Structure formats: C-alpha cells, structure tokens
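In order of appearance the chains are A, B, C and D, and numbering begins at 1 in each one.
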C-alpha cells in the first residue's frame, strides 16, 4: 500500500548548480517516513518518548536532476516487516520522470539503541501497510 | 590512497534522540569529497564554473550511533575511475568503532547535466588517488 | 494582509535538547516568504531566473521553545515596500503561545547583486499585501 | 577578547544564486559558539547533559554576498554577562570585506527550559572573555 507525500522543490533544497542538493533528498525521505507514521496513528513524537526508529541502511539512485520549483511526488512503500526492522522503498517522480529511487531499513530500538521487537500496537498498525501482507 | 577528514559531531548534527541525524552524514560525505578535490588541486568552486560533479548513487550502512561531541575520522577512498564516473568509498570511525560505511558514484557532467569524459587535467589529478592505479 | 503557513515541527527540526534548533526557524521563514511569493503569482523559481531577492537583515526573538510534533502557524506580514526593499514581520504561534517573532528586509537585486527598483509587475503584485496600503 | 573560527564557504552552504543561503550563516554562528565553549573548557556536549544554552534573540545584517569557495573568518566577542545571559557579537570577514555582522543573547536554562544563574564554574570560565571585564 503506497503512501505519497507531495514536495515542491524549494530554494533551500537547491545547490549552486540550481538542482536539488542530494542530502536534502534524505531529509525529504525522513519527512516522508515521519508523515507515514503519523498516517498510521503513531507519530514519531510519541514513539521517540520511549524508543527510537533509526535508519540502519539506505541506498539511493539519483536518476535525473530536480530543479527549483519542481513538484515531486515521493511514494513510500513498506516492503518487509521483521522482528524489529521495517523495509521501505521510495520513488520520487516529477510528472512521469523518476528523479530518485531509494530503499532503506529502519530498526525499532530501545532508548539505549538496542534493537527490540516491534510493540504489538506498532506491529498491528504497520502490518496492513506491508506489501503482500494484505 | 586514503584521504581523511576529521569531523567533531556538533550540536547541529544531532537529533532529539541525541545522536547524529543521518542526512547530516551525507552532508559530511559531500564536504569530504569537496575537501578531497581541494586537496588534489581542483576545488569544487572552480569545477562548477564550467561543469558539474553530481552524485549518481550512494549507499550507506549506519552501524553504530554517533553522539554529540564524538570525534569522527571520515576516510574517503577512490576505488574506480571511469570515462565520466568516479567510484568512492567512505568509512567513519570514532576511535576503533565504525559508525558508518558508504559507497557512491560521482559523474562528471556538462552544465546541462549530460555525462562527459573527465577533462585531461582532472583525470591526471584523480588517477594517482585511485586505488590499484599507482 | 497576513499570510499564514502551517508548519508541524518535525524530527529534523529538533536538537538534542528536543526543541527546535533555531537555524531551522530561519529556513521556515524563508519557506514562508517563498510560499508568499507563490501566493501572489510570482514564484521564486521564476524571479531568480533574472534577479534575486536576498535577505539584507533579519532579527528574531525566540520567546518559548517548540517541541517535536508542535503545530506552528507562521504568519508573515508585509509592512513596507521601498524602491527596492520589502519589510516583513513574522510571528509563529502554537495555539495561543508565541514561539518566535521576527522582522526582516528583503532587497530586489540584479543577478550581479546590485539593488534595483522592483519591476512594475512585482510592485503591483506586492502593493495590495503591504499593510496600510490598501 | 575575540575568538575566531575560519570557515570556507562550501557547496552545501550555497543557494541557486551561487551565494551563501543565510540560514546556513546561523548554523555557522552556532558552530562558532560551540567552538568557543570548547575553547573555554566547557564543551556543549557536557553542558547539555544537565542544562541548556538556547539563543533567546539574534539579529544579523548581511552586508555583502559570500560565494562558494570564499574563506570567511567569523569572529565572536562576548560583550556582556548577566545573571543567566550572555551577550555575543559576530563579524564575518572575507579578507577586508564584512559579509555579515550579528548579535545574539544566549540564556543558561534548566533542562525544563527555565533561566537559571550561570554555575560558578561557567561564570568563572566566561568572565575573562567578556570585553571590558579583564
């Protein structure tokens, strides 16, 4: 089940070459994950009171440049749910053109940073969104 | 031939969990690339007057959290030099502990964003730094 | 005439103390200015093709901390329009509580950075929004 | 007594107009404050374990644009030390040219964000650096 965040490319996102500065794309992906957790009823600001959801790995291909003013649609898909991990993919399109694709793994950790099993409520909230699981 | 950039983890790099916010790591890697090009005598600010060096892909594993005040050493290695590409790896250590590893591919492009062959001077400057090439 | 941009305080905006990192507030104000120019029909991405609108001065009072998850309303008011300048004020509220107030001056410049008179179309678009001018 | 931090203007600091994006200047000033506290023997990463040092107000004039590659010298001066406040000024020069000037007020607060008197050790460490106090 896909979740999409619109994102206009703003002045702050662009570099002297006039195109998106790629570390800003990772901020966007982080925002998209945060919005997704809002959407499933478990906002980050609540989760991080007692736990953490750091990104353990991420990879991205930047296939075409984005320019100031471009209107991107960033689509997140949850592709796997492990004992304490969540696999995600991202695709950013501007119209029909793919600007970047990425995949990442989040881990549910204790406040001390140790991986822990997803809580029952988080697992129940995530499961319907994991592709092939519903 | 390795190139190392020291980077103390500052307040601005850290998130509410008190650890490095991973998009900041990508800024650090970008800074490290920029410093490396300085080091080989071709600063980014000169290159981008007539060309570009965008990152076409990057992947990273965040293997242990970094905390405010940690002193990282980020080591860049050039691993391959293609017609218009440059392969890089990064390793960030705090003392003996690896905090992240990454690899990326840069592409030398025209100001219109089209891949072009490295100029002779850039190729000559890069070649001695590519592992296994000297 | 006031222009308001809603802004939820996201993970990326917060520091290790769990509150908004103030340089992020300046990014938000910049986004708000950009959105305002969109709103009056002159998007930044068009303006900066032939000119610039840098901020010449800004001052801000951070009157109460904002926390992750807070829903801010950032209100911009245009308070003066000079030959080549635009005076703005900002107020960010969370519910009834003021989080910050700011004022800034933008300058309309040539691509070489020299102040120039607002174009007739920009002046016509801005004037109705300047307080006390309509 | 002045404290100076060199700062080369990097790719990440610059906007599509090829000049410094001003919110990045506030990050630099924050870095400079952090380095100053390191310098006087009280690193931020230690202070924030038990307290906070938020910026209560800041104002800045951006007097000339900075370009990618420019080598700035950012000079911090402590101008006043109150019961729980610290007044600072900043001047950023590139060679002889002033790029920005700023002044700010920091407040020493409890972890709950309430102003508190500077601890004796912090006051003792700060006092010799406050202009006109030694």
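Here is the rule we use: contacts are C-beta pairs under 8 Å (C-beta built on N, C-alpha and C of every residue); 3 or more make two chains touch, one makes a residue touch a chain.
These figures come from a predicted structure and were not determined experimentally.
Student: Sort out for me whether B-C or A-C is joined by the greater number of C-beta contact pairs.
Tutor: Comparing A-C with B-C, the pair joined by more C-beta contacts is A-C.
Student: With centres defined by CA atoms only, which chain is the most remote from subunit D?
Tutor: A
Student: Could you state the distance in Å from the CA-based centre of subunit A to that of subunit C?
Tutor: Their C-alpha centroids are separated by 28 Å.
Student: Indicate the whole-number Å distance between the mean C-alpha point of subunit B and the mean C-alpha point of subunit C.
Tutor: Chain centroid spacing, subunit B to subunit C, equals 34 Å.
Student: Touching two or more other chains, which residues of subunit D qualify?
Tutor: 11-12, 16, 21, 23, 27, 30, 48, 68
Student: Residues of subunit A touching subunit D in their complex?
Tutor: Going by the criterion above, the answer is residues 11-12, 14-16, 18, 21, 23, 68.
Student: Would you mind writing out the residues of subunit B in touch with subunit D in their complex?
Tutor: That would be residues 10-12, 27, 30-31, 34, 43-46, 48, 67-69 of subunit B.
Student: What residues on subunit A touch subunit B, complex-wise?
Tutor: 16-17, 19, 21-24, 26-27, 30, 48, 52, 54-62, 65, 111, 113
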